[in-house]
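In what follows, structures are represented as structure tokens.
In what follows, chain A forms one complex with chain B and a second complex with chain C.
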Partner chain A sequence: MNWEIGPIFRAVMRNKVGAVLIALQVAVTMTIIVNAIFIINERKELLARESGIDEANTFYLSSSGFGDNYNAQVTVEEDLANLRQIPGVINATQTNAIPISGGGWSMGLKTEPGVENEGVGVAVYFTDQHGLQTYDVELLAGRNFTDADITWRDPVKGDWPQMTILTQAMAKDLFPDLPYQDVVGKTVFINDDEPIQIIGIIDKLHAPWIGWDGLERVMLVPQHLLFDSYRYLIRTEPGQLDRLMPEIEALLADSNRNRIIRNMNSMTDTRERTYRGHSAMVSMLTIIIVVLTIVTALGIVGLVSFSVNRRRKQIGTRRALGATRFAVMRYFLVENFMITSVGVLLGAAMTVGLNIWLVNSFEMQRIDWYYIPIGMLCLWLIGLLAVYGPARKAASIPPALATRTV
Partner chain B sequence: MFRYYLRLALLSYKRNPILSSLMVLAIAMGIGACMTTITVNYIMSSDPIPQKSEQLFYVQLDSWDPNSPAREPNDPPDQVTWTDATNLMKAKQAFRQSAMARSGGVVEPENGDSKPFMTDIRLAYSDFFAMFNVPFQYGSGWDSQSDDNRDMVVVISRAMNDQLFGGENSVGKTVRLAGHNFRVVGVLKEWRLVPRFYDVTTGAFDNTEDFYMPMPLKESLELTSNGNVNCWKRPAEDGFLGFLYSECVNFQMWVELRDDAEKQAYMAFLNSYADEQRALGRFERPNNNRLSNVMEWMAYNNVVADDAEIMLWLSLMFLLVCLLNTIGLLLAKFSGKAGEISLRRAVGASRRDVFMQHLVETGLIGVIGGIAGLGLAMLGLSGIGVLYGDLANDLTSMDPKLVAIALGLALVSSILAGLYPTWRSTRVAPASQLKSQ
Partner chain C sequence: MLTMTNVKKIFRTDLVETHALKDFSLQVNEGEFVAVTGPSGSGKTTFLNIAGLLETFESGQYMLDGNDVSQLSDNARSKIRNQKIGFIFQGFNLLPDLNLFDNVDVPLRYRGWSASERKQRIEHALETVGLASRQKHLPSQLSGGQQQRVAIARALAGEPRFLLADEPTGNLDSKMAHSVMELLQDINQRGTTIVMVTHDPSLAAEAGRNIFVRDGQVSELHEVNTFADVVNG
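Then we have the complex of A and B:
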């Protein structure tokens, strides 16, 4: 079959400007869309990460004591005893920081003592033997804390207890060559030279900072806090959260007048807030992609319609000389395909260029290669769809038109 | 002539309403997207204190771990230690200076019905108010003697004054805060800083605090550290004072230096101070002290969010697509008018006249597109407000300057887009066109 590629190409070359405009538009559109989709997918991957805790049924609040009548130890002991026996509460723990909430403590652990050795950064959560159940994490190896392990941490003393439970990811980063079972029983060093023994490994728990590359590196420390301010993390049975939140807030506030209960939040709200920037980015980029596709497609429709109108007489003549409707339509489709091809080739180069620039200027990943061919295919398809309408109109021009003067 | 061209342009718009509207829509979309992102970037990168941003300097001292820098590749820590903050304050080598930090405490209102609540406190020195042009409703800041004497005085925000004292002049009254009684010496007017540059470690777009008090009180009252604390060395001694006098950084140090000579003198002072401390066994790294003015400090801390910048560049490219689109459509439209142009040329219009006529026509499309784009930008900004909620406070309002930029951008870009098609339209050869009619 003769596709008339030669004549079409020569005709395009006679009206370069229109062709160049479409090609450029396709190229820039492809550059934006492919990079935007890449960013969207990157963000969606972040959004899909699970923090390890039972987010739907967990909430937390802060308790801040004040005044001379405030006794931290008595308050914490009473609060925990009260919280744990409320019907509908699965378990609760006192802690310093909340996963994925944005604020917390970090320390460094070293496998060899001494200032000159590199440490591995880790998020610190203080908890007790009820922590595992409250966090809804699974103990993969070793043992949980026991009542006898729990000590009280003085706000102005920096002493660390002699044991810790680590996440699997932390164990792996400390001892890359050992399976996690063998990490149990190892001694690591905190504050350069204070030994601390790993007694257990849990599956997964997120640090407070979602932008941190050590997000899954967490250590649980068996201590209650004698601080003025600390948090309670409370896990409820499914469906009980909305009822229990206000009840527990009131209960704690009324049980002790020398403290303030504040910053009560469910984990669901915390996740929404923490990841809001990422999901907003996904929404904005999606809107950009949709609008841009429409704008580009309409632009192509406009330009092709115009060129069809300008060539009405020639089309009529061709039809009168025996060209079929299909041949006329094919002409425009092939013409557009040639122009779009130049556009997508240019677009492929520009896409990579923009990505390299984004990688260098912002914290972004290199684009995966397969985005480029998929992007090219999409733009080809958009181009063909946009041209289809005007091309059909062109095909419907009657041969009789050739005989008229205008 | 302009009015005549304008009428022709309107007629031409009506003759090709779909094509013309398509152009207006394209420009409106491009302008709308750009202005939305430009606004957010403009506000994020705006100068919070334009009168003085060149005279206010943030101090960085490299007191960090000899084995590794505070921040790669070789940057000093972003805050200073208590020891250095108080030493620099004692030295008083700048025109004005204030070390500062964020703390917090419980407020116990006098009024028995109101519940106690937590608040943030800004610890600062007396120069703070003059340095940052803090506006006062009643009273004033404290003086430097109050710093030295550790007077129990506070300055409160307007909102806090409304809450505690019903908005009346509360100077001289007492507030119970962090377990102690403080005398109110000043009440601020509404004070918004976007970005709140003086302490980016606790969030550059956070609000200014409700309480201000002399920083030396931190030591005597053992006030908490609510900002970021970073340590490279375990405190030598336990207890509040051991921690306070440790190598942990938790304080921001600002100085006001009126000219370059003062800046150089202060830099020399910082280096000699570091040498002095080195002799005492601190500052084990080579001298790497820095003074950054407000905008330099904002840039160093990446106050403009990466996402906002990425969106800005993408939307500029989006505008480019819209303009390419407009060029194509204008070409189509103008070449459809070849007959009309030939007629005008034949009856005496010069090429210049035709050029002007079409320039007005593209300008009209640009202005309509710009106005529509402004509407879309407002829509886009309220969309961002919905998406980001309180994370985008103060970042989504346009001011007259931005409106002017939007219209200007629309006009300029549409005329730029129109230049080539307009020039082409003047190249029409009247004779051949008229003959073929």
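Then we have the complex of A and C:
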């Protein structure tokens, strides 16, 4: 079997303009599509990350006190006691920050005291012994807080208690060489030189900021907050959330007239809102990919149809000289494959180029190498599919056309 | 070599049915050089297309080289065209994007021959038509007569038994026409059967036998001078 590669190549080289345009279009399409798919997958990975808490059954609201009759400590104690005995509520805790929400506190912890030493950034969640259950985290080593450990944090002085529970990831970043079991009992330093003892390690809990590279670094601090405004995080039994949210909001509002309950949100809504930009990006890029693919495929269909129509007589002549229908089809498939190949090779270089630019300009990830060959294969396939119709049309041109003067 | 018996060809369009061949019967023997003449629209090209398996027909029988070719598949017909038949067209039908070498190579590539064998045949065929030195030229760089010589080289390179030419000199001036005619006669001398359609009585006179087609049927003429009589009246 003879594929006519040499003559096809030489013929293409004598009609470069159309071929170059298609090759460029293929290259640009590949560049954009491959990078877009890479970004989509990256975003999808972000979207798929779990915060560690029982998102489907957890919500939060904020309580803000006002007036002379408002007593923060009494209110918090009463509220927590009330919340925890509501049927359908698994547990509840007072807290300062909510995973995924974007708002929270961070501190630095050091393994050695002193300004000169490097600290490791960590998100701070104030909670009490009910935190583990409310956050739905598992204690891997050490112990939970007890009632006796919980202190009241003064909004002005802000003293740190002398114990904390860390996530496994935080333990690893502080003591890279130690298994997390051995991190229990270690002392670290906050505010450069205030010692804190690590009493427990939990499996997984996300910091509030989804874009932070220390997302998995969290410390639980055994303190209630005496602030005017703070939050309650409430975890319900499965299926109870929708019913309990308005009930609890009303209950808290009614139980104490010296404060207002605001900003009630489910974790599901919070996730949706926080990741909305990422979801929108995924949708937009998907549309771009689809449109570009269609445009490129149509471009190829158009170019090949045009060249088939222009070469009807030549095709008839080839048929007269003994080309089978298959040979005519193969001619156009091979011709297009050559053009697409140039585009795809150029596209591979441009894909890497665009990615490098994105990495430098937007701190994106370096593209995984296997995206390139997969992208090349896809565009080859798109090219072949697009050329198939016009090539079939070419193959149906009758050999008698060679002698007819049309 | 070629035997057509009562071949009938009808072209159907939405509005009209054209009976291009009506009970067309003809025998061409091995080694003959037959010139086909006749008025415009009489069915000469249609006959040649059917003879060359470029077109199918409604009824009748066509034996080529002892085989009934009326029921063959499209692929089988392509193969016979490729291996047994050489075509020469009025408009030369060279492929404009290919140089002379590649043009002559076109039918040979469908034969599955090795590159070296094809090269040898192409060079020999171009030599036969006196264009060996122009292999790398494009058709557009040649005169009409030279282009037709390339087309003849292309038709010959695969050594077909049977050469079909539809007005091969129709686009050439008379000097070039006669040199092409000489070339065809040479080829015929060496054993290739040729059927040529022409409008030019003086060229037809140089062929071994003349066939006159009128209204989709054959009237065979052996005397060259009577041919002129028929045309005139």
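As a working rule, the second predicted complex is superposed on the first by the 406 of 406 C-alpha atoms of A that agree within 3 Å, B and C clash if a C-alpha of one lies under 4 Å from a C-alpha of the other, contacts with A are read in each partner's own complex, and residues count from 1 in each chain.
The rule is short, and it goes like this: a residue touches a chain if its C-beta (ideal position, glycine included) is under 8 Å from a C-beta of that chain, and two chains touch if they have at least 3 such contacts.
What you see is a predicted model, and the numbers here were worked out from it, not measured in a lab.
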The chain contacting more residues of chain A, comparing chain B with chain C, is B
Considering only touches as defined above, state whether A:Asp177 meets chain B (first), chain C (second), both or neither. neither
Query = First (chain B), second (chain C), both or neither: which does A:Asp147 touch?
reply = neither
| said: With both complexes overlaid on chain A, does A:Asp254 touch chain B (first), chain C (second), both or neither? | reply: neither
**OP:** Would you sort A:Gln314 into first (chain B), second (chain C), both or neither based on which partner it touches?
**Re:** second
* Of the two partner chains, chain B (first) and chain C (second), which one does A:Arg10 touch, if any: first, second, both, or neither? -> second
In their shared complex, chain B is touched by residues of chain A numbered 17-18, 21-22, 24-25, 28-29, 31-32, 35-36, 39, 64, 66-68, 115-116, 156-158, 191-192, 228-229, 260, 262, 273, 276-277, 279-281, 283-285, 288, 291-292, 295-296, 298-299, 302-303, 305-307, 309-310, 354, 358, 361-363, 406
Chain C contacts chain A in the complex at 45, 48-49, 52-55, 74-75, 78-79, 81-83, 87, 89-91, 93, 95-99, 102, 105-107, 109-112, 138, 154, 166
The chain B residues in contact with chain A across the complex are 19, 22, 25-26, 29, 33, 65, 67, 105-106, 108, 115-118, 178-179, 224, 234-235, 238-240, 242-243, 305-307, 309-311, 314-315, 317-318, 320-322, 324-325, 327-329, 331-332, 335-336, 383-384, 387-389, 391, 420, 437
The answer for chain A against chain C in the complex is residues 1-2, 4, 6-7, 10-11, 14-15, 313-314, 317-327, 398-400, 402-405
